[in-house]
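Next, two complexes with chain A in common: one pairs it with chain B, the other with chain C.
Our next item is the complex of A and B:
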């Protein structure tokens, strides 16, 4: 369902709450929005929960760590309220704890939003819609698309290089100097091959009549339709509602200023 | 056979091209024409500038590489410099050698649409044109497939389809089958032959191995090593009248024009019964995909073994496993009666050599001499001993003049020789080769086979080759054919050629020696 939303529009849609949420320092706002994203992810998007969990779970750890760090090192503005407990001589106040939890939730929101985009978007179509909707020059979009094809090639080349060097006993050299040498040995053939291949692709593209001309027809006509606007309104609207509710309940905190 | 009258498509008029030094041009004063609907074979030694010529003809060179050119090329009487960017590319299409690096999209339909979009064909017409061209190249129904999941032969057909969508008048094929397995190669050539008869299409085919193309060729152009056109004309005169000249220039010669059917020299197998490597019940999985299933194999000391099979059959994996480059869990590999994984790495590397498909992958240092002495330094040889050994290797492999050259700056054949030489600093007991002749020209291949034979005869080195070249398989002591995760043939090459079932299953082909006998009548007619 969400995979049929125009990719460029989808990118904008998730960027708006992503950016705006980073200014809210209370717990309530990002929490409610996070729940909203989860509901969307598991109802409207065709994502397998296991796949999602696999990618998402490491970020939970990252979020926890950053939340804890923020709690410990909260700026004076945020370390309001009573001291809850003391750890290694650091006083943890109500405010610093809230700030920490809020930061954790915000990062989770951001991860969930990014996953919602990444797991429902075809990379080719994303590039095509950037070209058709946002007028990105074809030279750039097709350049990036051609680059996608290189990633697996690069990985297998690296594997072969490692083996080739092992055969020569090249990993026997000890010390940091040896390691730097080894990096250089890998980097040069990898780059040389990469350059050669990209040159070949560029020539192949040009020989199929590609000139970078913006006037071209499109096999996949990407367009922005009503449902794309609805999708945008859903996310932006929900953000507005969350902030409004948060404000009316007195939770809203923007950059340390309580409203 | 051809439609009259012959109208010229391209006129090349005293054309020269060079990358850097205009004093020693890569293409030197070329003068020739190409006509409507004719098929021309362009041959020449490697490094003679055949591929550069292809790109000059469709106007991409010299701009794309900041090269220098002089003289003119006319397309239908109009100088190609006067064409708008992209205009000429649509009349002259090129299919390139490497199936991996001529696509820019992930799915087949998108790649084909890319050509149509460049031509500004209305979107509504595209699906119909795409399915039509896929039908023409015999690849119906692959629109939604991802290109990287296709086989090499299928990729080349898609590449051909995308170029055909340009509706070109002249199609240039730059060694289109060099990276394909034997059967895919034959299929691709047959496909072109039938396309050429259905469409108004002139073909310029650049090839190392002209044999399979000769039937459809009207004319042959031969480029010499100095970048000059040394001969042009019908195949039967080129390869007879100009034979001496072509041979001198190192041009690949069709086997049917070689008087004594030169083989790589068949050698009687050594009667050694000692096993150097023995593979027992080996199963290998990559992620969840089983690459090899219960493989059993013995290799004897001093033997020359070839491993054949279609792409993806697990040939390279088996080779890497036997060389101790990949860890395995199920089964056993014994190297001199001792489990491979129990060997000390340093000891193992002294006894096992491995030559990779791309020689560049093996280069570690900045000069040829360092490259040769690298292993010796690690093993603490004295300077004197290093010098001696390196000099001996440079002499043997004709690299004396390149002592201080950077390995990456050598020619293709020199790189190949250096990559083998670097393995011989201390004579290994067994030497593995992973498709060492892939994309190499005749003289490099011949040279390599000569060296390998020498190693086997003089130092009793065991040789294992993974190869697609059936003529090489034919000259080895034993052929092993992999198919569908297992060995389906293991025995004398002579017996393999009798097994039609194996040959078809593994997408192999008979070697020239045997095909030649079957075709003798035809060749007789060609020469006389």
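Our next item is the complex of A and C:
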């Protein structure tokens, strides 16, 4: 279902709450929106719950650390309310705890939104719709697609390089020094090969008639339809509703100011 | 802007974007590791700051090699798009963050009217990207809620990281690449050849 939404439109839709949630510093707003994203993920998108959980679960720990950090080091504007407890000589107030939890929940929202995008979007289609809907120049679009296709080649070249070094007895040395040495040994040859190929690909594209002209026809026609707009309205509308409810219940907090 | 660039320069930026897109994703994990090590000491924020400069390196390398207006900005933007294609968990917003970092690096080159590519300008470009990204993170990561002393020290660490990991390391890698001869068709390679010819006379 969600995999059939126009990818460029999907990216914009995901970006709206991704940007606007950063205004809020209360617990209620990101929590409700997070639940909304979860419902969408497991009803409208064909994402396998196990796959999703595997990628998502480490970020719970990440969210916990960032929540803890913000709680410890919240500044005056954000550490309103009574002191709850003291740790390492730092007073933890209601406000700083709220700010911490809010930041943690917010980052979980961002990860869930990103997964909703990443797990339902085809990379080639995303580039094509960026070109056709958002007027990204064809030179850049096809340049990126050509470069992106090198990915498997890089992987196999890295393997060859590794084997070539091992067969000559230049194995990895232990410790940080060895790591830096290894980085030098791999990074430059890999990049040099990549750049050589990029020059060749560019020449091949031009010799086959690619001019980068913006007035061109497309084999894969991408379009924005009603359902794409509905998808956008669903996410933007739910954000507006969440903020409105949070405001009417008196929870809404924007940059440390209670509304 | 794109009309001034040759296709091979754009594909070069794209390939750099792919290579560093992967490296960036790798460094995301390294940053996470640093963060988890430092968190018990109450210094978790610095986990990323130490290595933040690496995220600006593609701007410096591309601008130093191609030497045209807009390259620092666009190459970082492309690296951002590539990371989204690779399926980053930072989501499509990453393209915006990348654009802001790229704009910071571009500013340093713009101030020299895209003529000066000495080490000090590359270092400035790395620091420019650091400042831009720092201001952006105040909002996007909610850093604005943090205590002023912590923010100041984070900014200092990020500036140093930007100067070293983006500016100095970026120049070093580009020079190493130029030595292999693959950059003969680009501004950096051409400049090297001129220098060699001068030396020969």
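Basically, the second predicted complex is superposed on the first by the 247 of 259 C-alpha atoms of A that agree within 3 Å, B and C clash if a C-alpha of one lies under 4 Å from a C-alpha of the other, contacts with A are read in each partner's own complex, and residues count from 1 in each chain.
Assume a residue touches a chain if its C-beta (ideal position, glycine included) is under 8 Å from a C-beta of that chain, and two chains touch if they have at least 3 such contacts.
Since this is a predicted model, take the numbers as computed values, not measurements.
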*For A:249, is the partner it touches chain B (first), chain C (second), both, or none of the two (neither)?*
neither
_According to the stated criteria, A:78 is in contact with first (chain B), second (chain C), both, or neither; which is it?_
second
*May I ask you to name which of chain B and chain C touches more residues of chain A?*
C
*Once the structures are superposed on A, label A:218 by its partner contacts, choosing first (chain B), second (chain C), both or neither.*
first
*Based on the superposed arrangement, let me know which partner A:140 touches: chain B (first), chain C (second), both, or neither?*
second
*Of the partners chain B and chain C, which touch A:241 in the superposed model: first, second, both, neither?*
neither
*First (chain B), second (chain C), both or neither touched by A:1*: neither
*Identify the partner contact of A:206: answer first if only chain B is touched, second if only chain C is, both if each is, neither if none is.*
both
*Would you check which partner chain A:192 touches, where first means chain B only, second means chain C only, and both and neither mean what they say?*
both
_Looking at A:161, would you say it contacts chain B, chain C, both, or neither? Reply first, second, both or neither._
first
*Show which residues of chain A both chain B and chain C reach, each in its own complex.*
123, 146, 148, 188-189, 192, 197, 201-203, 205-206, 210
*Which part of chain A faces chain B closely enough to touch in the complex?*
123-124, 142, 145-146, 148-149, 152-153, 157, 160-161, 163-170, 172-173, 185, 188-189, 192-193, 197, 200-211, 213, 215-221
*Of all residues in chain C, which touch chain A in the complex?*
2, 5-8, 10-19, 22, 32, 35-36, 39, 42, 44-45, 74, 78, 81-82, 84-85, 87-93, 95-96, 139-142, 144-148, 150, 173, 176-177, 180, 182-183, 185
*Would you pull the chain A residues touching chain C in the complex into a rising list?*
11-12, 14-15, 18-19, 22, 25, 55, 59, 61-62, 65-66, 68-70, 72-75, 77-78, 88, 99, 102-103, 106, 110-111, 113-115, 117-119, 123, 126-127, 130, 137, 139-140, 143-144, 146-148, 150-151, 154, 187-192, 194-199, 201-203, 205-206, 210, 212, 255-256
_chain B residues within the chain A interface of the complex_ = 55, 58, 60, 64, 85-86, 89-90, 93-94, 96, 98, 100-107, 109-110, 113-123, 126, 147-148, 162-163, 166, 320, 323, 325, 346, 349, 352-354, 356, 358, 360-364, 374-375, 378, 408, 422-423
